[in-house]
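Order as written gives the chain letters A, B and C; numbering starts at 1 within each chain.
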């Protein structure tokens, strides 16, 4: 493989990894505070893409404004999911909330199918993002630079919120001990809503950028990326934001680079993530950067 | 001089969780057929000692011997097989099962039939299941719970649940019984009954009993020998009189507590 | 002994009635209705197998579709004739010995179950150390791996094209026969002390361990038996709908079975059967919202996807408002029925 090809693949890999990482953050934050796998998270990613599409086509908003509108709407949806399907089950056995999450995920996907229909929608993409540019002998899309950059900025912003603000402190406290945090007077439900909001916003951003990269959207587009991002979060260490981003990046790189070097394996591409999952669960279930949660009797 | 056999021995067992030492170099030797106690303020490490004996934790250092054999680091189910049974500080019954089923589950460890025999209607298995049922009913009778046999275990009042937990432990046919705060939540009358009950099962089932307890009436009333832990370290051991007058023990926590209960 | 004899006779009568019903149905009901009745039996077997793993032993496994797929493919390959296989495997010719392997239907279904059970055992050994949600996603991961592998080992499975024209030996007699077998095995296990042990593991694994139970061993056993029956169900389903392809065995399939098991009641054998009847019929009935409806001279277009919208809403409702499903952990037994009616409707 030529150096130019390699660099192109690398840019692809980092782009994909960034997109996975953004989604993975939402999973890891929610699991960290609620010990819940938010199955519906991948569908928020899908909604982000669709909201942009409809904002542009139905209301003729400029693309930039449409993005902001879509993120706000998706954030709202994320909070709504928690409020309706998870909050009533806070004191129920954990598996009940998990089943509810699965139900909500199928609900959103099929509601999307009913409302948006399954016609793949071509998404409008601002020209400057998708005009191929040549740097040296390498052909890349500006998107391949913008996505990692935006991801980087978003993650920095999130880390600032989590480590430098009061709501962020509350989030970290809840992930350690939810009951005590409640007793300290923290409005746990509000903080949980904020967590969902942040995660959903990032997922929506990822969905929007994903649609720019792979412009045919459909109501089930969040399923596989969602699974994979969750696996990335587990791999990186559930509960750790840095872990989620790292996990996403590693997964993206593995997916692209393995197929680049061994094209015969491309049919198994989707299985890499799951194999990675099994491997990490068997060797180090807490993930690369995760902490151990002990039993106490 | 009576040569009494030591059934349970811990040699310098230590439990460290990261930077915290929960139990520090504890030596204990429990004589056969005795009722002995492990006491100490909250957080002293008493339940951790139980957990190390029963295999829930593997001691960071040290070893545990049962009937002369080393059992350090054996998984809990193997420890039970050797003949050690326990109850829990916060009752851990099988809440969705009936009272009788809870005890029958305890019998399983000694059951000879194999799991796959059920659909094949093998006579020896059917017979054994019947015997287990009868044996479990007998155990329920000895703890005065037979009339509740087919009720859900979670529907029993607190004291009855504690008795059920003991019956379940007895079903495993132990020779050594660990009771974790058996008198917790009991009123004075129930406490007196409990003390008589513990003495009775020791005699009836040929047991050696080690109990953790905060209720000093129970400890001083039935324990023949007592170990006192504080912050994971053994600060005193001896018979009840020696412990009661030991200044270190009184200092650690006994003073006010005992004055209140005496 | 009297009660036991009475129950035995009642059970025989019940089976007799079922046989009569099936005989009547075959002569009097149309093909579609018979298909639904068949589907009820297959779904019941699948629900029972998941219930064993999750409802009775407490292991949240999301990998059921994977074992169904294995059962379906093994059975299909065994009941297709070598000539049919030569004709169907267009992408790459089918490889020896699968090209010549053949077995009667009973053996083929059993083989499907055994191979599925074998893979269940393989997967259980490393994965059952995990608990709770992690077990769920690990089993889901394995199901997906199975699916991707089936799609790629084209010489054996015909890859993404799948297999068409599977002989439809699967009829009322076979399906309900296998259901009765499944019920018998499950009831025998659950009512024995082994069943109590599984439930103990579900209720409190730590206490179970301290009572001398090797919980890992029994969880593996339960998982293996559950995957065996999932394989049986998959094999029967393959022959029932006569077409299988890897895209059929996605998470949605596991979700459907999970829905039946939850709706019927986790930890209730009766519940799984009842749940299967209700949910299977409901799913079929809901097709009407997806097909165009003609009223007079108006045609209301069908809404694809609406079926699943209603279905997933139903699951959310159940989990929010009636978590224990129809039966909870209770069973419908002859003893229970007699007790209820002899006390004039009051049992407690």
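As a working rule, a contact is a pair of C-beta atoms (placed from the backbone, for glycine too) under 8 Å apart; a residue touches a chain by one contact, two chains touch by 3 or more.
Small disclaimer: the values here were computed from a predicted structure and weren't measured.
Comparing centres built from CA atoms, which chain ends up most distant from chain C?
B
What chain is most central when centres are computed from CA atoms?
C
In whole angstrom, how far does the Cα centroid of chain B sit from the Cα centroid of chain C?
One centre to the other, that is 43 Å.
Could you give the separation in Å between the centres of chain A and chain C, each centre being the mean of its C-alpha atoms?
So the centroids are 33 Å from each other.
Can you work out the whole-Å distance between the CA centroids of chain A and chain B?
49
When you check chain B against every other chain, which residues touch at least two of them?
Those would be 56, 88, 92.
Taking each residue of chain C in turn, which ones touch at least two of the other chains?
In chain C, residues 206 touch at least two other chains, as defined above.
List, in ascending order, every residue of chain A touching at least 2 other chains.
Within chain A, residues 297 contact more than one other chain.
Show me the residue ranges of chain C that touch chain B in the complex, using the header's touch definition.
Answer in residue numbers: 184-185, 188-189, 191-197, 199-200, 202-204, 206-215, 218, 221, 267, 329.
Which of the residues in chain C come into contact with chain A in the complex?
60, 126-127, 130, 132-134, 136-138, 140-142, 144-145, 148-149, 151-152, 206, 251-252, 255, 258, 262, 303-309, 311-313, 315-316, 319-320, 323
Which stretch or stretches of chain B touch chain C in the complex?
Residue positions touching the partner: 54, 56, 75-77, 79-81, 85-86, 88, 92-97, 101, 104-111, 115, 118-119, 121, 125, 129, 132, 168-169, 171-172.
For chain A, which residues count as touching chain C in their complex?
35-37, 85, 88-89, 92, 94-96, 98-100, 102-104, 106-107, 109-114, 117-118, 219, 223, 227, 230-231, 234, 267-268, 270-271, 274-275, 277-278, 281-282, 285, 295, 297
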